[in-house]
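Here come two complexes built around chain A, the first alongside chain B, the second alongside chain C.
And then the complex of A and B:
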């Protein structure tokens, strides 16, 4: 029965991730998915606007707003609860008294949370796609019927409406937008996890992470305002780098506006965003480990 | 209530026999732990130059008043705290090595577990952390739930467990990987006398099976019944340590417990003792020995249970 010890064990990490995921799901956090569905269906079918473009844009706009709210709120609040709660309940003692290296504990917790956010976003993405597809077909049929009633239906006008509806309707860029939302949530989660390794309470972690999120969204503007005007080239670069390390540049993940406007997202931009996101996550995890490994329990 | 085992336990027994008798189960050598003071707070020395050694297979009781450093010592042994000075080891392996914890099962004082996991899921989770998996782990978890009297709570979430149930679940998770060393911090805290008795019996069974136990408790009478050796701590230091029988024996007094003695026989004995007064011998006390409140409670409970059983049968 006695298990064997391995320096690195994916099984241990998955056990921690799975317990975290189960814990969060049973806290009925996914009730948000029902609220999201109600919002999407409500916006999609209850508020008709004069043009098909506006109707589809509004649907995407409100849906992405809800997606971002869900992912950021989960990333901050749920992550802030993980480690301090384990410490307060002394569950951490029983876990770390088993042969579990501290970096595996951190990785397992983060993976469990990201699985929840990722799974939630996939479900919401599917709901959005389904509603958007049905709505775009309805909008197309309504406008063709309107053209027909006015005697303006021609192959050219039909093709024009089709093009416009398709541009604002279901496309692959929609998934790119959801992926960007996930990346942003992953960066915020790892930042919150890092803060929770030295924070004295859940509230402190939540407040600090929200501050970092707010600064992160206005970082490019702040850098431009504070450094570009007053510092020389090298100093500006150094100050910007330090600033970017302390608070992640979250604006780089904001491709949602392009998606809502039906614009294409270049693959180069996606790659660069993914790389930067991964770099932030790994960086924060390394710092979190260095702080946590020395923590007195 | 037997400790559940499985056939692969033999392999673990084999491992144990490989240990050299010279390698202690737990060794604490010159341990000092100073907690740094925060803003406006002074440094605090929780443990000062503490040394102790727990031999394989023995039950060692660490006792002392609240705040004397027992829990800090246990945390240092488990690698949850880094010693300021000195070193701690488990079966010859430094506590700093994560691998040393493969041999340990730990029950903290007043344990809590994930409220949204049920009893079975909790034990499976802890088993997986120890590298166990599959049907064998599930069977082991069920056996442990049965052993600790929690089989009815296998599907019930931890959030609804009473204090005593949490304590028993804590003991089950400590045993899930069949450790060679059990570290129990106040194992009977919050447990009713019957549950407390069961835990005491389990500790005795662990000793029979060769499992080393390091235990702290405020219930000294219970520790007296199970411990081979005792260490008494005060102000972060070890003030007395040794075999329990040696520590508690009053060497210049002798106890005779006689059953069914007549008054005449007792008078004769008193007369014999009086004859030895010249050599300093004297009778200090004579009377009926008293049972303990715990024993009285258990006897009354068992009798009530038996009567209830008879009533149901008739």
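And then the complex of A and C:
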């Protein structure tokens, strides 16, 4: 039967992404969400700290730490598993035997994984926001009660405490922080996918991607040496240049540290960061396609 | 995999790498200018936090590392290990220099807690006690001044500096300057009153006249605390203000009542 065949089909990609998402959910990866909830509630209500700001900050620090751990671990390990698992299950042959171009297969896999990471981050963001809001109000009431008992409650002191608590409490910028975590995970996932197209084993992909992640977090230091000429030796300079060129700058997405502190996030900054993230993802996907398109399976 | 494809992939990777470096530099500079990215960690921090924490801080968990070191500093504070509190807060403030409460707490631990501890410690020679007291007050001031280099518009830090000058150094002039800076940053009325109270105890008539003007502003905006009224009445007498311009209230019975001001640290140590 001869039908119209599109060289690029969004429907095919979405079907592949949906299948990938189902495949990953079946690996019981989302159990982490329960662990995350327990961590957030534990840190939110168990740790007694002297200042209301520090109580809220610790809650955000630990929660964002867990968020980052979830996204990076998922981006590295789940991506590394995708291709080998499809080879092992022979689903890869079934898919590629149909008129599915290889770039669509790669895109579908990446989108499925990003949907899982994005969905997980949204759920964790909601849990964090809920707990933070409750804790914020509790901390405010406790502080005001303490001021009242000392006879120091005035409209001015109440306003100052409100300001202090609000700065460390729930704000829209926290979602910008979560989005930055997602962007970093997207870059790492595409990098891992690229490595997995030429890797000989899952372990090789995991190790290489973790190395790239570590180098990526030190990339600003490498660029600092490269641009600002702190190094005199030829070999040191060459090494810093290679690191600066090859590894993505993952520290660029680490706005979380300052978002936790209540810094405002201008839309221009978010756009720049998103643009850089998109550039890495597209670049690594092109390389992954070039390596995968004629690979003998 | 064909060699042609491998070469193509390598070329794309190289092109991406060369193109991204200046872009990364520009975006990083922009994010730093907008205070979204912290300055790179120094070698001094690496030596102090240990390798694991340094790696975590590099990996986007700088705020978490600061919180963990803070817990350690809190334990040191409970054990009155002041040198350790000092060095740990130095580290915390290096990790998160834009967090106001870290500078504030570092200064409070030094200028109030540690200073009072040494002043009251009977195991130490009286002459040494005074010296240690002064050194820790100075250390508290140094923390606040360093914090203000990162956060020059922080009303809270200026106000805390004013508190230290008021309660610890007993310098109304410097306290007034700091409170005034705090008022300029935050426009909080109690800081304007605090400036006026400090200026009012200075011997210079120019300072006292400024105190009077500020108190009249506060009075006009509804601050009817006994202290405000008492000080205005004193100045009206002293400067011979015409009766028609004077405030209508009588001299209050309790001249020290201003709940906004009592919110400061209750730290007046005997003999200082």
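Convention: the second predicted complex is superposed on the first by the 273 of 297 C-alpha atoms of A that agree within 3 Å, B and C clash if a C-alpha of one lies under 4 Å from a C-alpha of the other, contacts with A are read in each partner's own complex, and residues count from 1 in each chain.
Keep in mind that, in the parts below, a contact is a pair of C-beta atoms (placed from the backbone, for glycine too) under 8 Å apart; a residue touches a chain by one contact, two chains touch by 3 or more.
Note that the structure is a prediction, hence the values are computed from the model and not measured.
K.L.:
Looking at A:26 after the superposition, I want to know if it touches chain B, chain C, both of them or none. Which is it: first, second, both, neither?
P.N.:
first
K.L.:
According to the stated criteria, A:145 is in contact with first (chain B), second (chain C), both, or neither; which is it?
P.N.:
The answer is neither, since A:145 touches no partner chain.
K.L.:
For A:126, decide between first (touching chain B), second (touching chain C), both and neither.
P.N.:
After superposition on chain A, A:126 lies in contact with neither partner.
K.L.:
Which partner does A:89 reach: the first (chain B), the second (chain C), both, or neither?
P.N.:
The answer is first: A:89 touches chain B but not chain C.
K.L.:
Contact-wise, after the overlay, does A:296 reach chain B, chain C, both or neither (first, second, both, neither)?
P.N.:
both
K.L.:
Would you sort A:157 into first (chain B), second (chain C), both or neither based on which partner it touches?
P.N.:
second
K.L.:
Answer with first, second, both or neither: which of chain B and chain C does A:9 touch in the superposed model?
P.N.:
The answer is first: A:9 touches chain B but not chain C.
K.L.:
Quick check for you: in the superposed arrangement, does A:99 touch first (chain B), second (chain C), both or neither?
P.N.:
Once the two structures are laid over each other on A, A:99 reaches chain B alone.
K.L.:
Determine, for the superposed model, which of the two partners chain B and chain C contacts more residues of chain A.
P.N.:
Between chain B and chain C, the winner on chain A residue contacts is C.
K.L.:
Touching chain B and also chain C: which chain A residues?
P.N.:
294, 296
K.L.:
Spell out the part of chain A that touches chain B in their complex, as residue ranges.
P.N.:
1-7, 9, 11-12, 15-16, 19, 22-23, 26-27, 89-91, 93-101, 294, 296-297
K.L.:
State the interface residues of chain C toward chain A in the complex, per the touch definition above.
P.N.:
Against chain A, chain C makes touches at 1-2, 5-6, 8-9, 12-14, 16-18, 20-21, 23-25, 27-28, 30-31, 34-38, 40, 55, 58-64, 66-67, 70, 74, 96, 98-99, 101, 105, 188-190, 259-260, 262-263.
K.L.:
Within their complex, state which residues of chain B touch chain A.
P.N.:
5-6, 8-9, 11-12, 15, 35, 75, 78-82, 98-99, 101-102, 104, 106, 108, 110-117, 121, 125-133, 136, 140, 157, 170, 173-174, 177-178, 183
K.L.:
Can you list the chain A residues touching chain C in their complex?
P.N.:
Chain A residues touching chain C: 49-51, 53-54, 57-58, 60-62, 64-65, 68, 147, 151-154, 156-157, 160, 184, 198, 213-214, 217-221, 223-224, 226-227, 244-246, 248-261, 263, 265-266, 268-269, 272-273, 276, 279-280, 283, 286-287, 290-291, 293-296.
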